[in-house]
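Shared chain: subunit A. Partners: subunit B in the first complex, subunit C in the second.
This part shows the complex of A and B:
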């Protein structure tokens, strides 16, 4: 593993490593085939920075209004030893929590170092896990860690893990509303995969998959108020996806083996920290790591504009359904070649070529002009 | 997505300009639509921040909520919106209306926002605790009615312009990126000297092209809006009336810069759509829209309660069945109106087009009790023909006439012999033009636009126990009227 570490450090260069969080791990699962993202994240490269440096700054930003609302809702739930949250779990989910002990793990004796906080979380949770009789204990801001691509990623969740009837559950607090019992599907899906990351990390910490429930608890504001409402989420499917993904990433060496030995994304800063590297040179280095661009990347990855530009001749950038209708043909030029009858398809694409030829003939027939 | 549409996207990517995927317009565009562009405060469930509203491109009306987290100001916003939308709706409120109000929204997220706005206002009361102006719950009901109609595929009462444009043109980008109004218009009608692809790229810069909402640009939130909102709050708390007026005006100015570009785009989209010839079945569908509007108008006048939060079992089943039928019917009508859509069915063999190479217009069938007119025509086509002898086909050009397949000769090109029935007048000689002549281009489809009967459902009070039994009748409750909106 030492060699891998050194290799990844070289790729990252002198920049401060970026840590994984539940969101970036979840994003890995959404585009598993992308070697570029896997390498950049494993090496802890600041994707936002290098994307901007090559002229493709990411389109992401967060409004302070949204942040403030999220923080206020979380603070309200956790105030006074999480009184509101406890009442909610008792009343709405009928959880038998007679009394609760509340532990805030944000710091250990004033120290906030991740190693220390993780060690404290671990000893506390393991202690509780061995003591079967102890129910209803809550832990705020436990610090978990998960091995991602051969490196440990610390997970700093805003979640509370609590234990009832011998099992831990993960509680995820989100500030999107549940209106008349329904919430935005995409947001729920994102919350589910993020809580699955926590479940995995918690199981890893306890060394016992059975000790953590596969149902997580999602807490959101109800209707148009800031009154909380809780719902159970079964994240077994997300867990399976994540495990598959992480095991692929564990073989990051395989990916590294395909790359030029001297590869680095270092910006070559001078003494004042001003990058001296040519943007085009960095872009060239990024291109040596293959990407798998899809329009969905626009929502999840800081490299999206870079990769979209690179994929301008590919059908992938027109969306999954378009590519499927085109028989999976990769390049735009090849599609047009088949449609015009100029490209000679290899036998595997013969059927797709016939369909495209027919489509082109019909379009020309109706519009009165050649395609 | 069909192969033809996918191919159009690829061509658009190559040529750098959007390509047509329709030859006619399949939606109704009103002479005087009401454009509504809502903006919401980030992070909140349904906190209106501002809106640009109006039925005249020269007069954009700006509505502003200086303190979006203040409940009273939200209701004031709803009342102001009702002050514009109410009179607009009333101007169409005749008995058996022959025209109807049409709402135009920029994108699907705006519809979701308007739906929530309807949900949070329709149950309010006009007297007692938490009373609101009468126009507020009425607006809530209309917004709910309109957003429900927006889910009905053939309806044009509420149009989502990104979806409508994407339904008529293929761009060289993904369907997800088509939801950016500025980008899709860039592909269709770029500014002089730019390709569509370049215009779409420029449209992604939130400084040049502020997002069409309801979510605002986060950088705008952090760098402009927050300070101006704070200035309003400070002026209010100090009680300085002039400072408050000044701060409010500055906040309005900031939001105007975010809304005005979209306002211009909305009316450009209207112009682009109006420039397309209208499909033959569009007026029929609009008449159904007007009838739906009229019937909800009657319902409101009769004092009907607001729409339920959730459908009962029977109404949900009926609604789904209706949506399915409407979807199928719309697909057929679109194909009949538009040769480019029909081409998608020619791809799959459900329709074919070709030239009449032989015709017996005066052929009489004398084998039955009565002598009947049964002309035969032979159509030559290079399309794939799946229809077999005995199948009954219809042509968009002569929808009232049945064409029975007599014989298919599968050479390339194929020849199809058809026997015609109906739509030729009463005598034994066909009326001029009622039988396709030799040399005429014709198209025949395996589906027709004739009326299909509706499925039968029990009345709600006979909902079977498997579906939860009869739903309780809606009784207005205090909780609904006084629900928190914070």
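This part shows the complex of A and C:
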């Protein structure tokens, strides 16, 4: 493991490492075959920075305003021992009145080191899970851990609630509004997969899958006010997807074995922090790690524009369904060649070539122009 | 009065031009002399402005009297410069709540009942200043704004301020204490609202904030009955109180036994946090 750590540190270079969080794990799980993302995340490389440096800045990440709004909303919910949140949980989970405990796990006696916080979270939650006494209801910012690609990532859910029937529920606070009972589907989906990451980590910590409820609670502002509203999210499907993807995630060691030994994404900063490395050189280094671009990457990955440019001639760039419609042919040039009837098809692709040729003819008949 | 201010303003303009010319010409001595003069003129301008503001008739805007809220007085001064130092304003708000509270709540309470407010962020350094003052001259002041202590580690509880004269049981925070303190604060705020002779919107808003999170306290922000809030909060507090009293009592006993004077007020030092956490875990396991 020590060798792996050293190797990853070398790949990262002198930059400050960025840690995995629920968002990055969710993104990684949505594209488990992408070695580039796996390596960059495991090494804690600032993807935004290197993408911008190679000339493909991605308008990615949360806006400052969204972050500020999210923090203010969460602070409001958690003020005075999470009074507002407790009222909501009483409504949603039918918490009995005596269950009103609140434990702040944001720091341990003023110390915020992740190891200490994780140890405290673990001792507190395990203690409560094992004896049936009434000694915990809400746990603010517990610190969980999940193994991703052979390494541990620390995760911090907004709140964990301990409910009546002896089960824990993950509570996720989000600042996107629920308007007229409807929220942005994409954002809810992202919240669901993030919550699933927390559920998985919590089950891992407790060592008992039955102790954590598969229904998580999403708390959002209602309409255009800052009044909170809660909804239950069933994350069983996300959990299944996540478990499968995480188990399929190639182990980092195996991936590292395929890379040239001297590989680094260091920007070679001078004393003032100005990068001295040639962008083309860095881009070359990035290309040595294989990527698997799909249009969905545009929503989840900072490297998306770099990879999309690289996948210029790749049918994957058009999305999975289009690629399948095109008969699984890898390159766009080959597809066009077959349609024009110029390419000499591989016997395995002969059928696809005939279909493409027919499609091109139909198109020409209807639109009066050739492909 | 305003004429004097205007004359001063013209003088300030002239002085600024003179400073700029001196600086550009590289005449350092002259520039610093002019700067001194400029600063003095600015001070005179501030004073003249304050006098002008005071001589204005103050119509409408009565400011809530402190006697109505049970506090000793009201800050009805010119808004920008409150009559009391920050620590005393914090004390007023905390005395009304009678429980450890977060800076934001303290500021809101002060605004609602004492008519002046301050940004909650101003309070971040207050505790540190109080600790320094206590260390140099212990008990020189009648009270100190201090920390609430977590019942398990006896470390300062994150983001809570308390008053040093309160009993230790009141300043120790167990896992039920945030709820019990919330209910106690609700009762005290409701009682203070009841004592008001005229309705103060900010105070009603504050009361609603409490009432909305207490079962059976109020249905509607426009029709809150302080008595009903008190009744509902007391009913819920009765449920939590025995457990909370036990945890707080045990924590307070340990604090008195284990901590020195400074630590009893401001919490055990952070560097021992790791070892203490280890000890607590050992005890739990």
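Just so it is clear, the second predicted complex is superposed on the first by the 342 of 371 C-alpha atoms of A that agree within 3 Å, B and C clash if a C-alpha of one lies under 4 Å from a C-alpha of the other, contacts with A are read in each partner's own complex, and residues count from 1 in each chain.
By our rule, a residue touches a chain if its C-beta (ideal position, glycine included) is under 8 Å from a C-beta of that chain, and two chains touch if they have at least 3 such contacts.
What you see is a predicted model, and the numbers here were worked out from it, not measured in a lab.
Once the two complexes are overlaid through subunit A, subunit B and subunit C fit side by side, free of any clash as defined at the top of the document. Of the two partner chains placed by superposition, A:56 touches none, neither subunit B nor subunit C. By the document's definition of touching, of the two partners only subunit B reaches A:362; subunit C does not.
Contacts of A:293 after superposition on the shared chain: neither subunit B nor subunit C is touched. Contacts of A:226 after superposition: subunit B is touched, whereas subunit C is not reached. In the superposed model, A:175 lies in contact with subunit B only, and not with subunit C.
Counting residues of subunit A touched by each partner, subunit B versus subunit C, the larger count belongs to B. Legend: residue contacts after superposition of the two complexes on their common chain; A:326 is shown touching subunit B, with no touch to subunit C.
Once the two structures are overlaid on chain A, subunit A sits at the apex of an angle of 100° toward subunit B and subunit C, using CA centres and rounding to a multiple of 10. The overlay of the two complexes leaves subunit B and subunit C separated by a minimum Cα distance of 12 Å. Taken together, the two structures place no residue of subunit A in contact with subunit B in one case and with subunit C in the other.
By the touch criterion given at the top, residues 59, 61-70, 175-177, 179-181, 221, 223-227, 295-296, 298, 312, 315, 317-319, 321-326, 332, 335-336, 339, 355-356, 358-363, 365-367, 371 of subunit A touch subunit B in their complex.
Of all the residues in subunit A, the ones that touch subunit C in their complex are 75, 79-84, 86-87, 90, 97-98, 100-104, 106-111, 113, 116, 119-120, 123, 127, 134-136. Interface of subunit B with subunit A (complex): residues 1-11, 13-14, 20, 23, 41-46, 116, 119-120, 172-177, 204, 216-219, 221-222, 225-226, 309-310, 339-340, 343, 346-347, 353, 382-384, 483-486. Every residue of subunit C that touches subunit A in the complex is listed here, in rising order: 101-102, 104-105, 150, 153, 155-158, 175-179, 181-182, 185, 210, 212-215, 236, 239-240, 243, 267-268, 270, 272-274, 276-277, 280-281, 284-285.
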